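Should a chain be cited, it is by its letter among A, B, C and D, assigned in written order, with residues numbered from 1 in that chain.
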Amino acid sequence: MSHNTFGHLFRVTTFGESHGPAIGAVVDGCPPRLSFRREDVQAALDRRRPGQSRFTTQRREPDEVEILSGVIEAEDGTLTTTGTPIALMIRNVDQRSKDYSNIARSFRPGHADFTYIAKYGVRDHRGGGRSSARETASRVAAGAIASLVIPGVEISAALVAMGEIEIDRARWDWEEVDRNPFFCPDPVAAKEMEGYLDGLRKSGSSVGATIEVVAEGVPPGLGAPIYGKLDAELASALMSINAVKGVEIGAGMAASRLTGEQNADEMRVGPDGEPIFLSNNAGGVLGGIATGQPIVARFAVKPTSSILTPKQSLNEAGEEVDVSTKGRHDPCVGIRAVPVGEAMMAIVLADQTLRNRGQNGG
Amino acid sequence: MSHNTFGHLFRVTTFGESHGPAIGAVVDGCPPRLSFRREDVQAALDRRRPGQSRFTTQRREPDEVEILSGVIEAEDGTLTTTGTPIALMIRNVDQRSKDYSNIARSFRPGHADFTYIAKYGVRDHRGGGRSSARETASRVAAGAIASLVIPGVEISAALVAMGEIEIDRARWDWEEVDRNPFFCPDPVAAKEMEGYLDGLRKSGSSVGATIEVVAEGVPPGLGAPIYGKLDAELASALMSINAVKGVEIGAGMAASRLTGEQNADEMRVGPDGEPIFLSNNAGGVLGGIATGQPIVARFAVKPTSSILTPKQSLNEAGEEVDVSTKGRHDPCVGIRAVPVGEAMMAIVLADQTLRNRGQNGG
Amino acid sequence: MSHNTFGHLFRVTTFGESHGPAIGAVVDGCPPRLSFRREDVQAALDRRRPGQSRFTTQRREPDEVEILSGVIEAEDGTLTTTGTPIALMIRNVDQRSKDYSNIARSFRPGHADFTYIAKYGVRDHRGGGRSSARETASRVAAGAIASLVIPGVEISAALVAMGEIEIDRARWDWEEVDRNPFFCPDPVAAKEMEGYLDGLRKSGSSVGATIEVVAEGVPPGLGAPIYGKLDAELASALMSINAVKGVEIGAGMAASRLTGEQNADEMRVGPDGEPIFLSNNAGGVLGGIATGQPIVARFAVKPTSSILTPKQSLNEAGEEVDVSTKGRHDPCVGIRAVPVGEAMMAIVLADQTLRNRGQNGG
Amino acid sequence: MSHNTFGHLFRVTTFGESHGPAIGAVVDGCPPRLSFRREDVQAALDRRRPGQSRFTTQRREPDEVEILSGVIEAEDGTLTTTGTPIALMIRNVDQRSKDYSNIARSFRPGHADFTYIAKYGVRDHRGGGRSSARETASRVAAGAIASLVIPGVEISAALVAMGEIEIDRARWDWEEVDRNPFFCPDPVAAKEMEGYLDGLRKSGSSVGATIEVVAEGVPPGLGAPIYGKLDAELASALMSINAVKGVEIGAGMAASRLTGEQNADEMRVGPDGEPIFLSNNAGGVLGGIATGQPIVARFAVKPTSSILTPKQSLNEAGEEVDVSTKGRHDPCVGIRAVPVGEAMMAIVLADQTLRNRGQNGG
């Protein structure tokens, strides 16, 4: 019910504001006797961490995670889950909140400033408070725990479009993703993005992006029908990421244009007698349940709302003002959404995995 | 938690299979002292009912709703809600299940046949059982109750694309929607669809479609942040409809291509001193909370999987077979998804409305 | 969240009023491939059914259950669950609602009449509407489904006290329970109750009772700690039964008087090497988790509020009135609570069983 | 669903082990614009804090709460809630865990040691880990936030029995509760308890207790019927406290012995025209909904299981051992349960209050 908790059996509750003392997550429902190291969670956080290239916000956050509960530590530092809630805390360090003073009482166009006031009558003005993308660090930490629950599943994400630049799928190379600052699987497009984003960054502008998340190794039968559909939960998980405006599974919005003959993913018996599909318009999900093919989801992230060009807006007093954002910001917030997309995929699959164990019969 | 329940405070639990004795919904959490008539629910069902034109399945279901609980009936037939669960039941009548006998043990490509077996190890072979679009009749009945909870909100949906045919938004006319069998707001496109779909129907083929749902009159502040975002819940609600593969809010997937300057919805003071927006790329939602502008969502429905052309598949024994579907089916299942989209929008907004009353403070 | 749904993975949603068209339950989350017959559910309902002796209300309800969904029926009538929601409906037949006309607008002392108006501003006056013990028939039907999920567990309940008459535990005989109209395990006490209750019945009075529910065969480790404790959920389940005012586990309220030495349930190695306990003050639950000993719970049911003696009360207009109830009622509503207690135990254990499968690790 | 979260709209998720780095709570759903000070939460914690008299464990924990999120701090230290999750953290300081080394691998009779291993296959041996009463500090901190949501309600609790010593209700004096180390409202009984408990403490024994919690000012109509009953949720909340074995509302288990005439709480019109009740056997709840009278609940706490007298038990290897506990412990853990009972009452009422706002209609 709560809007700060995601999941049902594997549950992630996050807390914290952009410029408060700390952010974090309580991961509840993680099964016992799973082993990991603090460094595993830290490594996930480091991938999302800001300030790693000139293309993300220059806010300097070490994002050091402290694990407050839910594990037993062996002498070599190995942590074993006990089945109790795993609390993860990240102190905020670089809270340069004076950056925001000039816009503290104005509604930045495209931000949640206006709607938070409309809903709550009060808001934390410092850096967007709870609506800041900083909240997604908590998701990434929780995603690292989620991945323990689905050991046979490999989740990867990549940025497949930025503004008008789209990747060429023929050049897709997963190894390329970690070689450029955009998580882009196409080296040619990545090069193009670099020049394009440099221009935007210097002019104080921003741009949108599309991210694709793929999960391989999801067993057929994972998921649930009707309102708990694997794709419906993915849609909710991905749409809940800051600035996301669209979510697609498999053929996505383009399914509208297909005929039944084009759309049908035909089946054959595979080399080991297992069912295989000859195409994947379904994106790995039929009737809300995994087919065994890769789960393929895409989501579109709108451009960062904080731009230098003054835009017409209102302030909290209801007066017309012009707003221009001078704080440190990402010219393309979609870049840092890539590991967040992976984390949400992991959380959804971990939760469905635990639920399937309970519900499918035995 | 349950995958047959949607919503939190306004909760809809549906039950029933395509060819079982009955389908229905239990609507829980509906506030007391709201008035309606059985005919209001029936009218909503009649809009979705199959067999009304040659473009939807010829299954003949009267879809007569019986209200089993939760209301007090006055002598003039007016029903008043009492705050207790409203159970709505629709008997299945035309269960011509022999139509399915030849495919009973084969997996129809694009259907959930394979995944239900993968998950449950058993399935109701008759007409898709629980995975049939027949379940959406329960949603429409529940949506009629949901609309009682949000009296100031007007929800409309329209089919905006079918295959390669897209409407011209300059010709958008809401009144047109009820004048053609496609719920299409553009009379010219509707005419084109008629010829196109006749061809597909005769050849036993099918095609996808895109539906747009708009809610006007949603007050600013309605919604919730983080994981309970209004748009995240809409994404889940719409993706949960049978055959949906993509969901967009406002600018949708195209937000990927915008710059910050293009995307910003500027604000001014309206004629009555109220905040107004000069554009609606946000689709009426910022940070998961309504801005007061129309909520605009779109979803893509894949083509009906049941087609006459034989397609390669497997049967439950794991043998390779060719499957061709001869039952009565919709050449474009997206048509009947239009009222279902409206119902899901109503259910999401009703639920968020009740939650807002509790959570926003007073 | 909903107050008409019980359970998390095994979920029971009930609907219906005492004098409306029907009552029923939607059982969601029942695993697939479990077999039963309609007669099994009917038999459970028949045990609770009113009008079977002169000691329960003379309302004549056949309580015939109709199964609307969630099963496949074999030719021999065997039903197999499919994993989809099982909707159970019981038509109300004997709705002699004029019995209630004289008290329709007055608050019967001890009934929920006053509080329903205070909460909802409206109520169904006929026979208590939703607050009637008739709702418990839905629980019993759902309990029959729940018992399929826990095949190794045997649940029994007995009435152990009625007014001042308490059973002698030395005479406890489970077989006796079905030989008297009180579900009393002590034949001597049962005889005494008969005379006592005849007197009360004739004078239009009523009396309270205590019921004990025992579950044998619950495996050690079933349950959950902190807020999902097996005993906390049992407490909620039993307290939710109409007219219940107290719930005890094991030593119960008397635990207050014990010393640590008296209370300690010592452990030894059993004949087959399994852990055994030498006593059961814990009632089979430690830290919210089953020990493997019998789960023992008791609950106290207050006397039926409907009595012939006029009592001071108010009516809906706020005027002082005297209220005397002439309708058909149970002189000891605790009697019919016995099968309801069994049903709630089954539902709690079924739900914890499914959750354990998901959460305990594998 | 989660067993570490309590509540629906006002939700408390706790985390932390007895001897880990920290314990704490995330309070989600607290309405915005409520004011408090850190000292208010600290004061509540100080009441429960161990080591304040010779009758509670000598573990020295400062229990200093840090508020990590969800509030805006004014210059004078006033905190204002923003509607976002309030994370409360308490560092563990005095983790003298060698005290437990000798019993690390044995099951202490009456503890959850055995059942945690049975459920999870692993446990934190230090001081009971998650099953320690230390978790209740998190509840008390959350309860302080809950009390902000129900400003008109006054909640008090008292210890009304310890072993064979029961208070005399004629001597009940709420002011006395804070004058003795037992939260006992009867000064004569308190004196008796002092001598009695000194004896038990010296001999390394322990004893049970009964606590009564009363909430005044709860408006009629607060609550929910069927499975969300106010008394059912109280039963769950109180039974979830460590070592509790029974819960009563109003007349409680004694309701079993009453006749309908004795039990009926008659109603009259009060001096200001409001409905009043002439007795309170209902304990302020009818049909799960508040009557407006004081909500009266009692719960029995079993004796501390950790005693000096060796008791027969098993160790994790399945061998028979004798267990005697030498760590610092409470001779009567019921004493510190008094503020915990108040906290759980506050949390239940806060949650029902928010739900009522949403569900009752407007």
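Convention: a residue touches a chain if its C-beta (ideal position, glycine included) is under 8 Å from a C-beta of that chain, and two chains touch if they have at least 3 such contacts.
All of these numbers come straight from a predicted model, not from anything done at the bench.
Residues touching across the subunit B and subunit C pair largely coincide in numbering: over half of the numbers involved belong to both copies. Compared on C-beta pairs in contact, C-D and B-D come out with C-D as the pair having more.
Of all the chains, the one whose CA centre sits at the greatest distance from that of subunit B is D.
Chain centres here are Cα averages; for subunit B and subunit D they lie 46 Å apart. Averaging C-alpha coordinates per chain places the centre of subunit B 38 Å away from that of subunit C. Look at where the CA atoms of subunit C average out and do the same for subunit D: the two points lie 27 Å apart. Within subunit A, contacts with two or more other chains are made by residues 1-5, 8-9, 14, 29, 32-33, 83-84, 119-121, 130, 225, 355-356, 360-361. Contact residues on subunit D toward subunit B in their complex (touch as defined above): 1, 9, 29, 31-34, 83-84, 225, 354-362. Those residues of subunit A that touch subunit D in the complex are listed here as 1-5, 8-9, 11, 13-17, 20-24, 26, 28-29, 32-33, 66-70, 72, 80, 82-87, 89, 119-124, 129-130.
Those residues of subunit C that touch subunit D in the complex are listed here as 1-6, 8-9, 14, 107, 109-112, 114-116, 118-121, 130-131, 135, 161-164, 200, 205-210, 220-229, 231-240, 242, 245-269, 273, 275, 278, 281-283, 285-292, 298, 300-307, 309, 311-314, 318-320, 334, 355-356, 360-361.
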